[in-house]
Every structure is written in C-alpha cells, then in structure tokens.
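Both of the next two complexes hold chain A, though its partner changes from chain B to chain C.
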Partner chain A sequence: MIEASLQLPATVESRGYARDITGRVMRRWGARIGAAWIVCLVLLAVFAPFLATSHPLLMKSAGKWSSPVLQSLGPSDVILQAAFWMALILWPMRLSVKTKVIAWLAVLIVTAIPSINSLHPPQLFVYQHYRDAVRSGKIEQVVFAPVPFSPQDHLRDQEDMRLQPPEHVHWMGTTDNSADLLSNMIHATRIAISIGFISTGIAAVIGVVLGGLMGYYGGWIDLLGMRVAEIFDSIPTLLLLLCFVAIYPPNLYIMMAIIGATSWVGYAYFVRGEFLSLRDRDFVHAARAAGIPLPSIIFRHMLLNGLTPVIVTASFGVASAILMESTISFLGIGLTDESSWGALLEEALGGGGTFYWWIALYPGLAIFLTVFAYNLIGESLRDALDPKLGRMM
Partner chain B sequence: MNKPLLEIRGLTVAFDTERGSAPIRPVQDVSLSIFPGQTVALVGESGSGKSVTALSVLRLVPSPPGRTLSGEIMLEGTDICRMSEKQLQHMRGKDIAMIFQEPMTSLNPVYTVGDQILEAITLHQKVSFREARKIAAEAMAAVGIADPEERLKTYPHQLSGGMRQRVMIAMALSCKPKLLIADEPTTALDVTIQAQILELLRRLQRETGMAILLITHDLGVVAENADVVAVMYAGRIVEFAGVEELFDHPLHPYTRGLFAAVPRLGQASARLEAIPGTVPNPANFPAGCRFHPRCALTQQIAAESADAVQVNTDHILAMVARPCVQQEPQLRQVSPGHWVSCHFADHYAAAAASPPSLEHRREVVVESLAAREVDA
Partner chain C sequence: MLTYILRRLLLTFPTLIGITALVFFCLAASPGGIGGPLLKDQRRLDTVDARRIQEYYQKRYGLDKPAIVQYGRWLNLISPVGFQLKDDGTLGSFGFKWPSLGESMGRHRQVASVLAEALPLTLLLNAISIPVVYAFGVLSGIGSAKRRGQTFDTLMGASQLASWSIPTIWAGVMLIGFFANRQYFDWFPPAGLHETEALNMAFLPHWTAAGWERGWLLDVAWHLVLPVICLSYGGSAFLTKLTRGSILENLSADYVRTARAKGLSESVVLYRHVFRNSLLALITIAASILPALLSGSVVVETIFSIPGMGKIAVEAVQNRDRELTLAVTLIGGVITLLSQILRDVLYAVADPRVAYD
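Up next is the complex of A and B:
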C-alpha cells in the first residue's frame, strides 16, 4: 500500500547535469554564435589539407584517375582525420562516456602507429608541376580544391604575385613571398585550436590536482601549495616564452607546455576554494562512511561538484592562450615552418613603413573573432552555472 | 551469540582548540555494547556528544582537530582505534554502515542513484557488474522503491526526501552490514514519512538481523524502535537501561526532565515543561556532576530539607549538592540491567560501578536470529 504511493510519475525525464547546463548555455545567442564559430574552425582545421591545397583532389593522367592530395598527407593529417571521424561515429552511440573515450583513444593509437611509421610525404613539393601539367595537357581532367593553393606554394610559375591585394583568384590576397593568404589562414586554424586546448588542458590538470589536494587536506599542504602557486603566479609568461625562444629553436609543444605551466594558478585557487567548502558537505561524509577510498572521493565525488569554475576559467584560458601564441608569432619569434595568424599579422608591415591592409585585416579578424567566441561561451557558461542567476534565463 | 558485536570501552574523544587552551572533550569515558540484532538508542540534546560517539565508531571524527584520547572500540575482537587506513576503508560500509540526518544533501548530486549504489557494492563485494546491478535493484526493492531498475537511473534531485532516505538506506544495506548507525534518520522528514522509514528499518532488521545504533532526540522514536537506551548528557552516558525499564522508571533527573518535556495528548497546559538552562559548552563543563547546575532533584531535596528545619535554602542547597559539585558520579548498576550515574539515585551507593552491557532485545529479533543460526 505504501509502496504503491511511492511510484514517481513516469514522465520524469532523466536528464543529466551536464546536459542541463549545455542546454542552458546554448539558449543564449552569444554562446550559439561562439560555438558555431568554434565548430567552423575545427572543421577548417580538420579538413585544411583538402580545402586549401595545390594538389588536385582528383586528376586523370594518362587515362588513369589518381588523387595526389591523398599522397601528400602526413601522419598528423591522417591521425586528425581518424580522430574526427571516430568522434563523429561514437558521439550518438549509447555508451558510457568512459567507454567512448577509451574506444576513441584506442582508434587514435591504432592509426597513429602505422601512419607515423609508413607515411613519409616528400618534404618539398614542386607545386607548379600540376599547373604546368594541366596547361600542357598531360593531365586530362582535374578537380582542384576550393582554394587551389598550398600555404607553402610560392607561385614560382607566375609573374610577380607578391603582395597582391584580394582579387578573384586570391580571395584574401597574397603575402610577402607570393603565398595565398586564405590558404595560410585555413592551415593556421590548427595551431590556433591546438595551442588553446592543449595549453589550457595542461594548466587545468595541474591546477585541479594541486588545488584539490590543497583544499581537501588544508593545513601545511595548503600553505606549501599556496606559496608554490604564488611563485608561479609571479612568473611573466611572455618573458619566459621570449627567453625560451631566444635560447632554443621555437617548438609548438614546448610553447604549449610553458603557457600551461604558468597559467594553472587560477585553476588551483578556484578548485581549492570549492574543495574547502565541499569537504564538509554531507555527501562527502557519506562517501567516507561508505568506505570509498580517498582518491575516488577527491577526484570523483568532489571534483565533479567543484568543476564549474574550472570550466568557466578554461574557456577564457583558451582565448588567452591563443592571444599569447599570436603575440609571440607577431614578435617574429614564433614557429617558422608553420603558418599561424600571429605570424601572418607580422607580415602586414613591410619594409620602409608600407602597410598591407589585407594581411592585417584577415588574420587580425580571425584572432579577434576566435577570442571573442571563447569569451562569449565562457560568459554564457558562467551565467548558466551561477546558482544565483539560476533559472532566470 | 552472547558476545557483543561492538563494544565501546571508556571512549574519550578530544578536540584540540586554539593554541594555549586545553583540548575540549565532547565525549568522556563512554562505554557501550551492542549485540547482534539489537537496537541501541543514543538519546540526548544537541551537543551531548552522541554524534561524535557514532562518528568515532567509524573513525570519521575529523582529525585534526579531533583525536581519540583513550578507550577502545572493539568490533568482533578487533580494535577500530588501531586499524590502518586500509582496514578502516574495508570496514566502513561493509561491517558498519551509516545513514545520515539529511537525505537531501547526503547523495552526490552529479551521479545517478544507481552509480552511487553500484560504487559501494563493487567496492566491498567481488561481483561482476551485472551481479552488482542485480544486488542494487534488490536493495532498492527491499526498501520499498517501486520499479527499482528504472529508479537506479534517476538523479537525486528527482527524488523526494523520503525516497532519498530510502536510497541511502538501500545503499547502506547493499553490503549487508552487521551494524547500521542511523544518525537522526528521520529528523529531516515529515511525520508520515518518518513512520514509514522507521517501520522500514524495523522490518529490515527483522530480515537481516543487523544491529542498529540509533541516534535521536525523539523519545517517541526511541519507544518504538529501541531495545536499549543510553541517555547522554554533556559527553557522558548518564543512564542506560532496557527501553521498558527506562520508560517505567527513569532514575536520572535529566532523563526525568526529558520525559516531563514530552507534551501529552489530552493535557492542556499553557507552557511546555522544559529543563531549565542549556547544555554546557564542552570547553567548560561544570565540575562534579555535569548536570548539577540544571538539576531539579538537588533543588527539590534542598527545598524539602529547608522546610523541615526552617533555615536558609541556599545554605541547605550547598550542603545537599556538595557531592554533585565536587564529585563526578560513576555509572552504577542500581537494578538488574539499569545503570545510572547520579548521587541521589535509589540504591546508588550500594551498587557496583561497571560499564553497561545489556542483552535485552525484542522477541521477534531473537527468533529471526535463531532461525538464521539454524540455517547456518
């Protein structure tokens, strides 16, 4: 009799916290636009070798069809493709998040090993070779990419193409060494995306672990951790990066590591504060009373409850990491062999005080829009996660 | 069968305070034993040390500042106070489980109910995921939750308070603990749900034969559920007896005060009876008997003596209450199965001081235990 009255209405929708928050964030136009922009960038980054390349996508030569673009792919391109398609396949599947991540990583490793071992695309392409062949009729039929220029294609076969303003062939004009600006911009999204995510990821992991331990244990661990955090807080990231590139050759991964290692302090402060209040909550006591081991209590039960400020900080952190990389590249000490928005921006100023507006406008706009998009998402997240604003939106 | 499941002997818990001042002792020299299948109630006002006692049993008193100064807590022959962190983890949840006062906040809001029960099960029992799911669903069904498989997928915020407390109980019982510590399990629930939860605990106890340490300040709950009652005041047990004995002959003036404070049906009174004063701060407990500043008994005796000899009441009070002020009373067995610590309890002087132990339990429980033994 009692049991019967306990039946809940069948319509109660089992909706997770994460999905609830995502829904609330995406109700805002700012966040939608920001997310759309980021999705565009991700798509551009993944498909850059097919969107902007001098290699024909398909061509018919001596009666045989072939795809030169596929032969030009390097290991990183193949791994990126595998990662993207696997994520797309796994996303709608009814599996737990853990299984999905494991499956995804497994596929990544499986594709990474053979592609790194066997794929060795030539270091130097002679891009005009294709155009010459088309002109001379050696290639009978051909399908070029939407932007038929590779970022390193200096258009040696054509008369002076240096620093052309935008026109119908080169939609965004050309750079100092005749390369197509749009093609460079598309390929540069990879650096913009990866430096943001990876350096923020490094910072968040360090910050969460240290902040969590500080907040949970308190006492002298807290004291020591806070002093270490203050020391790191006082290191200027830009100067450290400058020192580094002055001594060693520029390296993207080291740059990510440096940005990550100096910007974790904010995360640590936030997580520490959250944990200080979480550790006295009833469900933490209940978890301890149930004999759940300490690492599981800290990183499973408490962390997920204290993660909200981390997510918000991270979305702003991604933006600032992108800015940081652009700054370094703009100063001319960034990566030399790969295009990045900051490095392109630097070329806008020619010798003798000349200014090429298109080289300043487009990369500058890209940086601005990306940072703006992350900030829009971050702001929307902050509002959605703020219990005081709660359901008002 | 005659061995206690849990035996607390002379437990004193201290909390370190600011540097310079002496540590406070919210629990002082508490002895208690719990037999299998028995329900022992710890009764007392807020701040009397009942929750700290319960937390000490699980070694969950936050440390620092808390520490066990002296005493031992024997769980089937092993001292919990000497267990390593690993042994403790193994013991918590498996041998002794605990349910808390606030079902609204005792479940982790970001995991489904099923995730949380399954975590506890897979932690303490070597079972496959599928079996664990089955155990979880059975536990949910045992606490009277309809459609348990579906309910495992819900989040805590989708459940009412009573349902959440049922889930907490299901989680605690999924590993078949020998002792369940229930820290005011019904305080936060409304009265009809309280009755359901208490009934549920009784039924589960009959079925599994576990012991329950019930912490409460509700004498109605005590009367209905407990076999044995320990009344705590200011960190000490002041009276310990079987439930009928205690309700028929409360001896300690504090216990009597508690009973007097219960409002009665059919008796209209302008004011509720109350024990004057408040529970003393553990930082400065009164010397001697900790209850003496609030004790009605000493004042009453003093008043009676004063009537007889016609002298200053205050002077008589000082004389009468001298042992109360100077000497801390010991728990003494004044009648079979009834311990009390009060200088003025009947037969108190003649009784021998001893830690309380009482094998008083309800007939039903004894029967179910006997049946289990036959099975074994």
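Up next is the complex of A and C:
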C-alpha cells in the first residue's frame, strides 16, 4: 500500500520521475524501516481472518473435510483478498499505470457486487462449539489458525479468562471481556491502515481543490476561502471531532470522512501559496490562451509544480489521522463494534487503581510504531523531494 | 503596524462567529438535539412528570425555539450591545448591557463561574509546560547542532522523531500504570491536582508538631509531574529539531566566517553570535505552541482527571450542553486567533525586513 502512495505522481507524471523519487526515498534507512513495518501491517490486515480466528482452517468431521473459515468470510474480507492478489499480479506487468489502476478497480467492482449481495456470514457465532466438538471427538482432524481465537470470541466455555496476563495460549493476554488481545490487535490493523489512507486522501482532495481555487482566482474567493480555512484552523481539532462524532453514530466510514474533513487546512494553505506564485507564470498564461479547460489547467499544469509539499504533508497526515482515531476511540466515543488499538488501550487502567500492563503495552506500542513508521517515511520523502527544506529542518 | 493589528482583530469577529456557528449547528443536528442526553435522563419518572420537566427545561433554556433563533439569542447574550433579556425569556430594550456566557444546562450554574474554576488549571498546566518544552528543546537542539553528524546528533534525531510519534494517550496510561500504581512504583498520585487534605495545609513546606508537612505548593507540584511530562515531550522534540535547524542555518552564514576569522572562540561564536540570531525563530514559534498545548490538554486532563478546560469540553459536548460547549469553543478560538496575530506581529518585530503595511 505504501508503494501505491509513492506511485501517486506516476498517475499524472512520467514514470521516470516516480521511479527516481521512489529510488531516492528508499535509499534512506528510515524509509526502509518504515515501509517494512507498513508492509507487515498490510499483510496482517489482509490475512487477519486466516491468522486470528476461532474457525478452524480445515477440519474433518463425519469423514468429510470442510473449511469453516471460508464460510465465515464477509464481503469486506473477500474484496480485500481480491484487491491484494490483483495488486500483486498487476504489479510486475509491463502496462501503463493507468491501465493497471483501471484493471485493478474493475476487478474490485466485479468481486464487490456479488460478494456484498450473496455473502451473509452470521453476525453472532458460538465459537466454543468448535472446541467442544474437538474435545468430544465429533471433529476428527482439525487445523486451527496460528492464533486460534476470533476477536469476538469471549471464551465462554472456559473458567474466568478475564484480564489474564500473557501466557502460552494467549500470547498477549486477554481483555476485559475475555477476548484474546493478540487477535483483537491483528484485526485492528485494518482500521489503522484504512483510516490513515482514506482520511488523508479525503483531506488532501478537499485541501488541494479549495486551495487551488483560492490561489487561482484570488480576490473574494480567496478571502472567503481563507476565512473558512481559518475557522477550521482555529477550533481545537479534537473539539471539532468530538462535535462531529456526537452527531453521527460511530461508524468507520463516517469516522474517516470526519477526520478528513477536519484536517484539510494544511494542504489548502500550501497549494494556495504555490498557486499564488504560479498563476502569473508564462506557462499558465499559455495554457489559458490555448483554451485548455480550467480543471486541466489547475490539476495537470499548475498542481504538478506544487505537488511536493502535498505529498510530504500527506505522509505526515496519515500518521496524525491514526493518532486522532486512536485518541477518539480511547476517549470512548469512537468505534464500538470493531476492535481498535485506541479502544483496547482504554481498558488498561481498570477501576480501583489496577493496571493491566499487557493491555497498555501492546496496543500502545502498535500505535506508536505505526505513527513512527509514517513519520520516518515522511521525513525521508521530504529530504528526498526537497533538499532545501530538508537542510533547514 | 497599528492598522494591521486592528484589521486582524476586526477579522477575528467573522471567524469567531463562524467557529461557534459550526459547533452549534453540529450540536443542533445531533440525534436528540441540544440538551438531548440531559433531558433523556428523566426516564425514572412517569411520563407526566417527565413531560413536565421537559417542558420546564425547554422553556427555561429556550430549547423549543428553532436552532437559528437559539444561536441568535446566544450571540445576543455574549455581545455587549444588544437586547436586554427579561426574566420570562422575552427580549427587552436595545442598548448597552453586560455580556454574559449564560447558564450551563448540565450543571445549573453560570458558565462564567464554571470556567473561572477550570481555566486557571489548564493555564497552570500550560504555563509550566512551556518553559519545560523550551528548556529541554533549546538545550538538546544546541547540543546536536554542535555535534552535527556525530553519533549524539544521529541519536537525538532518531529519538526526537520517536518521541514526536509517541501517542499522548499511551504515554499517559503507561506513566499512570507504572509510576502511580501500587503494583509497581507508587511515586506519584494518579489523578487530580491536589489531595483533599492539602487544602488545609500551609502554602509552603514546613515543620509542624506532627512532623514534616509538604504544604499546598509542593502537593500541587507533586501532582503536576506526570501531566506536565505528558504535555511537554512532544513539544520538546519539535523544538529540538527547530533549534538545531535554525542554528545550523546560521552557522553557515557569512558573519560566522567573519567571527571565526577574527579569532573568536567557538563558544563565543556559538552563544553570542549564532544563538542570538537563532532566537528569532524560537520566539515566534511560541505563539503556535500554545494552541497545540491547549488541544493536547484535552487528552491529558481526561487521563489524569484534572477538571480543566479540556475535561469540561469533552463533558459539555457529550451532554450537548449548549452554553458550555459554545463558551469553551469561543475561548479556544480566541486564544488560537490571538496567538496567530501575536505570531505575525512578532515576526515583524523580530525581523525588520517583514512589513505588513
């Protein structure tokens, strides 16, 4: 996924430039470490339903082999698998980036429609029946996942398993409602990865369009736009997020949109400043005189000259989006039905002054490492793309 | 310069109206509407009583009016020029009046008095954090600029990026868990700003008949250690980076070569010449650090149960408490906007090349 974000200029620029930038960035050890961690997270997110689940991967019962884990997959799991394998197949192909993206999106839509319509895995599942069946011999042979617990598996069939410290069965201990912490952490990588990319994408698009219009037209559009930007800039972001979250029921997609809608100001300022200095340059006058339509002037001609700060800001933006999501979830007003690192961290301080170190350590470390990875990549990007900026900072 | 400041001050008014309007209409659009969670709290009562209470609240706080009217009334309330408000809720004569922040629905108290208790705590937290941020940031920034490219510099660079990435929520939970907990090190208190018995103590530490008493001041300082660490490590990392960059930029300037050519010692060059010139960037950044710290104190105050502005903000939004939310937004907005203006003015004062007129 990080490769996809580095490839961003390639969709609009010559391939040589993108490859050159990627090469220059990846020479830095910071970017390599960061990218390695993000790739690990992407793999964990894609294969979460096979890595951490109470459903057996394979089992033999009544003489027949079956795979309950495949029947438990939801539409999002199937779409994610298709997207991942398609990206892996398309990556080395000698096609233009445009063709690759179109082919990838086509496959995505083709898998999305039937899987959303036909896949309805049961919402509530009694996980302990697998363990009971294995114990009673009803299931003759079975292959469990590496982490044989689903995030919603509350281990009802066992003695009190609440808040157990790490041991050999639960490698990272258990949570407040007896679920396996490691399994919850693996499934939470999905939220971390997706919220970072999508909300930053939303913020960048809003910021680039508004900033571009402000810088291109100037005058009263600029004045009005700057006031709107100032409004969003002057409210403490967390307060604004709290207000937005109060309106809508907590939902992953709404959360992404809200974080995106509150963090576009930086991009708008950058692009506006860049456009103010570009709009009287000869190539813009030439483009206008040639009758090129406005969106084309703004996005193909002017934006490319001011793209560097946007890319750098975006990679830091992913980090801050992840921080925001975990903070909201920690404050207890975020997502309720899905596991998130921030929400897990909140359980660490129990009532009566008890402290469950494993619940504090592992989710917190995961947030930290992910934010650190994006910051490392952002730093390397800035150094590679803009040597002048890198020397000063 | 004066006209520039005046123009900027005048421009804050539409921005402040925009900020409060955005927050207000978000609250009004939420399910249950303004005051929703407070009104719903009456479900213990039978329906007749509940409806009566609801009607009372609606009349008392004007909740039955359309959202735009409610917002207009709030603007009228905070403005020093406007309609007098009579006891029965109708508008009186137009003219000068005493501005007010209204009454909080959740606490049944004047918002001004709620804020008068909360604001000093947040300001205290920030007033201690800013010098800590500066002391640490400037010292380590100079240190790593002096040893540019050496192991110390590389280590500082990596660790400042790392501490910039530590989530405040994690730092807070770990600090409370390990240093304010009977299971591990019970060195610091886990919550609050002072012990109850500290209210009866003398201000300064002293000896009494019963033995040593730490006094109110030391008690508060003891409670502040963990929150201040939480609030300041990120800013220190940022300032380290800024100081290092600014000093390195100045070290390559022509006047440094001249100073060295004159035979001045390296420490004189660094502290008398370079550091003084680098100070400009550090002073002007102070205006941007304050709003960031205010945002950060929402999290820190919630984790450490300090009843400051941040905790009140979270509570007010969750209760959809109209007056309290708007007041917190207004104060946050005023502080942010004023520090932005201050920053731009400081730029001009510090650097004679910058002129706004």
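In this text, the second predicted complex is superposed on the first by the 354 of 393 C-alpha atoms of A that agree within 3 Å, B and C clash if a C-alpha of one lies under 4 Å from a C-alpha of the other, contacts with A are read in each partner's own complex, and residues count from 1 in each chain.
The rule is short, and it goes like this: contacts are C-beta pairs under 8 Å (C-beta built on N, C-alpha and C of every residue); 3 or more make two chains touch, one makes a residue touch a chain.
Since this is a predicted model, take the numbers as computed values, not measurements.
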- Using the touch definition from the top, say if A:F330 reaches chain B (first), chain C (second), both or neither. second
- Have a look at where A:T237 lands relative to chain B and chain C in the superposition and call it first, second, both or neither. second
- Task: Going by the touch definition up top, name the partner, chain B or chain C, that contacts more of chain A.
- Result: C
- Query: Does chain B (first) or chain C (second) touch A:V97, or do both, or does neither?
  - Reply: neither
- Query: So, does A:I292 touch the first partner chain B, the second partner chain C, both, or neither?
  - Reply: first
- Which partner does A:L88 reach: the first (chain B), the second (chain C), both, or neither? neither
- Task: Could you list which residues of chain A make contact with chain B in one structure and with chain C in the other?
- Result: none
- Mind pulling up the chain A residues that touch chain B in the complex? 2-4, 6-8, 12, 14-17, 219, 281-283, 285-293, 296, 301, 304-305
- In their complex, what parts of chain B are in touch with chain A? 58, 60, 64, 88-94, 97-98, 100, 102, 105-112, 119-120, 123-124, 144-147, 151, 153-155, 158-159, 162-163, 168, 171-172, 196
- Item | chain C to chain A touching residues, read off their complex | 11, 14-15, 18-19, 22-23, 26-27, 29-31, 161-162, 164-170, 173-174, 176-178, 181-184, 190, 241-242, 245, 248-249, 291, 294-295, 298-299, 302, 313-314, 317-318, 320, 325, 328-329, 332-333, 336-337, 340
- Query: Mind pulling up the chain A residues that touch chain C in the complex?
  - Reply: 227-228, 230-231, 233-240, 242-244, 246-247, 249, 319, 323, 326-327, 330-331, 333, 342, 345, 348-349, 353-355, 357, 360-361, 364-365, 367-368, 371-372, 375-376, 379, 391-393
